[in-house]
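Below, subunit A partners subunit B and then partners subunit C, in two separate complexes.
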Partner chain A sequence: MRLLVLLWSLGPLLWQLRTSLLRPEALVAPLLEGNPWTLANYQLVLSGDPPFWRYLGNSTLVGLATTLLTLLLAVPCAYGLQKLRGPLRWGVGLALVGAAMFPTVLLFLALLEIARSFGLANNLLTLSLPYTALSLPLAVLLLRAAFADLPGELEDAARLEGLDLGQRLQHVLLPLLAPALASTAILVFLASWNEYAIALTWISRNDLLTLPIAIARIGGGSVFTIPYGAFAAATVLGSLPLLLLVLLAQRSIVSGLTRGAVKG
Partner chain B sequence: MSTASGAGLELRQLCREVGERLLLDRLDLHVAPGECVALLGPSGCGKSTTLRLVAGLDPASGGQVLLDGEDLSERGPGERQVAMVFQSYALYPHLSVEGNLGLGLKVRGMAARERQRRIDATLDLLQLGELRHRRPAQLSGGQRQRVALARALLREPRIVLLDEPMSNLDAQLREELRPELRRLLCGREQPVMYVTHDQQEAVGMADRIALLEAGRLQQVGSPRELYTNPANRFVASFLGRPAINLLALEPGRQLGLRPEHLHLSEDGAVAARLLRREWWGHQQLLWLDSQWGTLRVLTAPETPTPREPRLSWQRQHELWFDPQSGARLAP
Partner chain C sequence: MRTRTSSLLLMLPALVLLATVFLYPLLRYGWLSLQASSVLTGLLPVPNGGANWLRLLDDARFWTDAGQTLRFALCSVALELVGGLALALLLHRPLRGRGPLRALTLLPWALPTTVMALGWRWILNDPHGPINGAIRSLGGTSYGFLSTPATTWFFVVLADVWKTMPFVALLLLAGLQTIPADLEEALRLEGASRVQILRRLTLPLLLPYLSLALLFRLAQSLGVFDLIQVLSGGGPAGTTESLALYAYLNAMRFLDFGYASTVMLATFLLLVVALGGGWLLLRRGGIARATERPA
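Coming up: the complex of A and B.
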């Protein structure tokens, strides 16, 4: 049963991997003779100009900048919201949910206009600005819930010991929020990693493209061929960093860190 | 009420209002240096509110908190030199026992060596040395409580506040810890305020008890004063288990009689019928049905009980109350 669920979830990924390793002829019909396996797709992707690693680096940079900026803004906001009482708390919460659900598609033209008039186009760091704006509502909501889960007496104890707000965050609250911070960071990073439309309109220089755009630009031998194998290879390569990230973060996502704070 | 600036902790007309709700209504209370006053009352009576106001964790809506004559109202919780033990202990779960004790000192910039010396001394005092590297999750409830206590004492506070510090422990451990807690806390220079809803604990820990209900102080005094001379019906019925019997003996007056003050006799004023007998070893509790409702009577365990006893009592044990307001009436 477990195996079945595992296969069900991993199926598409494994199929992708298989596609990336097959010769184009082997994709459409079972090969009658010869070895169907090849690394040619990977060679094709990696030998492009600029090299594929460049795109990986671009996406990583944008992702890191977005994640960092989002957390820097979301943590104080979530803390403040959690302390807020009265109707404003309700109103801001509702506004955040509304913002999180706003259809991004409606923003492209306006964002493009902004990029043009402020000269923000073709810059990887400024690309993280709209990404941050889009990720912020969800990040704030997630972190606010995490703050709410912390026992209030913990912070009271720290206040009595003379820790100011910054010290309380640094020594008590944020270490306890590490799992929530890690999972929020991963969500934000993922959103930035996969974003297509804004990157498409904001970035035109070839060496600054992010992964999704770069992958879409991979061309076949002629206009009539679709390079399935190369697409798959690029996707596999593009997923590797994410896989690594999640594996690394897994340790800090492990819950139960707050156990023992209050009566266990 | 004295207006002179005296030693110890003094609360003057302390109020706390949240929205429309009055959580604490003009509380006046004085705790002498080295004295332990228990704030006792049912949940929601304002006892924890009082503690949080003294600690500065919540803002007061009115009134003053004075320590040795000095007004603390304008000071933040970190500047009041108040130590508090929370009901949940509020230990930092990601830090070891040592880390829990040291964080406050470290943040205040105390040198590592001096810090270590103080931590060691406090751990020794509470016999926690062997647990110094453990995390809170690896400690038992009693051990966590002692670490919380150690963290409070380490800072050499000027006021010690305890918010139901033993309510998460089982009854036996509570009884065992009471003398130790008294030894560690009371009789030093600091005033101690101890919040509890358990009258046994209040009697066991405190020099005086302040009984609160619905945000108002009902009475403050030694356990004996509150028990023998209650200010009103609430005090009389809250203190003492089994609870006091209330008899609507006369129109406009209600008679309170403690279960131990009712006696079985042949010529008693009240006729009763035995409903049930609880045998407690050192005593027995009789539940009796009478024309004034169910009465509780405590007797020696060997006392023979006729099926239809009569009850008598001595005049000196009568406590009279106004049936409406519950105020104490002169006999």
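Coming up: the complex of A and C.
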């Protein structure tokens, strides 16, 4: 059972790994013929112009900027929403759920217009602005659920001690929220790492591409000339950071969604 | 009153950004959909009195795509729910090496859709992909999986299920963890079989999570774009084209922003109708189920 599940989940990935280690002429050879392994595809991808590291770096930069900005905006918003009473709380909550579900590709045209009129295109840091907005609904919902889990007496006590809101957040509430912050951060980072439609339309300069676009470009050209070996090597290189992240943070991802889904 | 004002102030920056990115585009599309704004007008908006909407009503390609998108969404979401439930039940059991197993099964969801869509294209390649390789080594002739409408559609659904089933499983796993283990134990001591436990205990308690996963995945798959753009390009002959891809083509290839806005807004409205319908159905089902069971 376990083996079957692993085969289903990892099979396509393992095939990429195999492809990345074969020479082009070996790719078209019969399936079971023994073939020598090679790292030529990796050399090709890493010595490209710009080298592949550049795209990894671009995606990491956008991901970190997005994660940081999302948390900076989501923490106060979640706190405020948790304190809010009445129909407004219900309305904002519902709007956030709606926004979290929204298929983001439908936004790209209007966002592209904004990028053009304010000169935000071809800039990795401004790209994190729409990314932050796309991640905010889920982040606020998850963090609000986490705030709701904290005992109210705790904050009351801190208030009686004379701590203002900033101090209460910094010294009392946020340390307790660390697990929720971590799992939210991972989900935001993953979403930003994988986004396609907005990056496709905002970034046209070759050295600023994010990973999904760069890899899709390697696979561009005509259907018959896709350099599958190089593409597979790029896939493997681009997947390694995610593999590490998921292996390290699996527990955190599951527990974060547990809390969020119960309340949401 | 004071807490209310300060709450709103705390929320303001996030709400402003959200309104810019989610609300403004919808309003902008509403306005643009009433303009001619294409190469013919020099890409400048000129009011054309609802001509875009009349064109939409008469646009066979739009309605074909709407049907195809709905069919794709229903099929893949149904498969994802069933498969995701099975996967969640497996991952919930106390197995050896459960942590790494969970992480590895999550991996397809964590990877960029476009990247794996290209991976699938290689796997389905005619004649050099592994599937055709296996067919040929068994003595058959290779098959153009991505040049035949039926198999293309099948593999688009399969690739989507492969990619998002782990996410559904994750949501349901979160739900399974809220079910107290002693309830299950009590039922088992009463002599209930595993199927009975699933039907009487697990599924009813999992219902909110199943509904959440259903609505969320339905919304996402009705807006499917990158998977189809990369895997099939909407082909062969437009048989896998989705509404979002049609809207994208109108904007970026035909450079008809007025009509692209109309298609996007119409897609959004269809989505709201579909989700609203789904939600009502779920609620009615939930109420019926609740009254059916004696407290």
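Just so it is clear, the second predicted complex is superposed on the first by the 207 of 264 C-alpha atoms of A that agree within 3 Å, B and C clash if a C-alpha of one lies under 4 Å from a C-alpha of the other, contacts with A are read in each partner's own complex, and residues count from 1 in each chain.
To be clear about the criterion, a residue touches a chain if its C-beta (ideal position, glycine included) is under 8 Å from a C-beta of that chain, and two chains touch if they have at least 3 such contacts.
This structure is a prediction, so every number in the text was calculated from the model and none was measured.
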Partner contacting more residues of subunit A (subunit B vs subunit C): C
Partner chain(s) touched by A:153 [first = subunit B, second = subunit C, both, neither]: first
Partner chain in contact with A:175 - subunit B first, subunit C second, else both or neither: first
First, second, both or neither for A:3, with subunit B first and subunit C second: neither
Subunit B versus subunit C as contact partner of A:113, first or second or both or neither: second
Subunit B and subunit C footprints on subunit A, overlapping residues: 257-258, 261-262, 264
Residue numbers on subunit B that touch subunit A, as the complex places them: 52, 55, 57, 76-80, 82-84, 86-94, 103-104, 107-108, 135-139, 141, 144, 151, 155, 168
Of all residues in subunit A, those that touch subunit B in their complex: 151, 153-154, 156-164, 167, 171-172, 175-176, 257-264
Subunit A to subunit C touching residues, read off their complex: 1-2, 5-6, 8-10, 12-13, 15-16, 19, 27-28, 30-32, 73-74, 76-77, 79-81, 83-86, 88, 92, 95-96, 99-111, 113-114, 129-130, 132-134, 136-137, 140, 165, 190, 193-194, 196-197, 201, 211-213, 215-216, 219, 226, 228, 231-232, 235, 238-239, 242-243, 245-247, 250-251, 253-254, 257-258, 261-262, 264
Residues of subunit C touching subunit A in the complex: 3-4, 6-11, 13-15, 17-18, 20-22, 24-25, 28-29, 87, 90, 95, 97, 99-108, 110-116, 118-123, 125, 128, 130, 133-134, 136-137, 162, 166, 170-171, 173-175, 177-178, 209, 212, 215-216, 219-220, 222-226, 230, 244, 247-248, 251-252, 257, 260-261, 264, 267-268, 271, 275
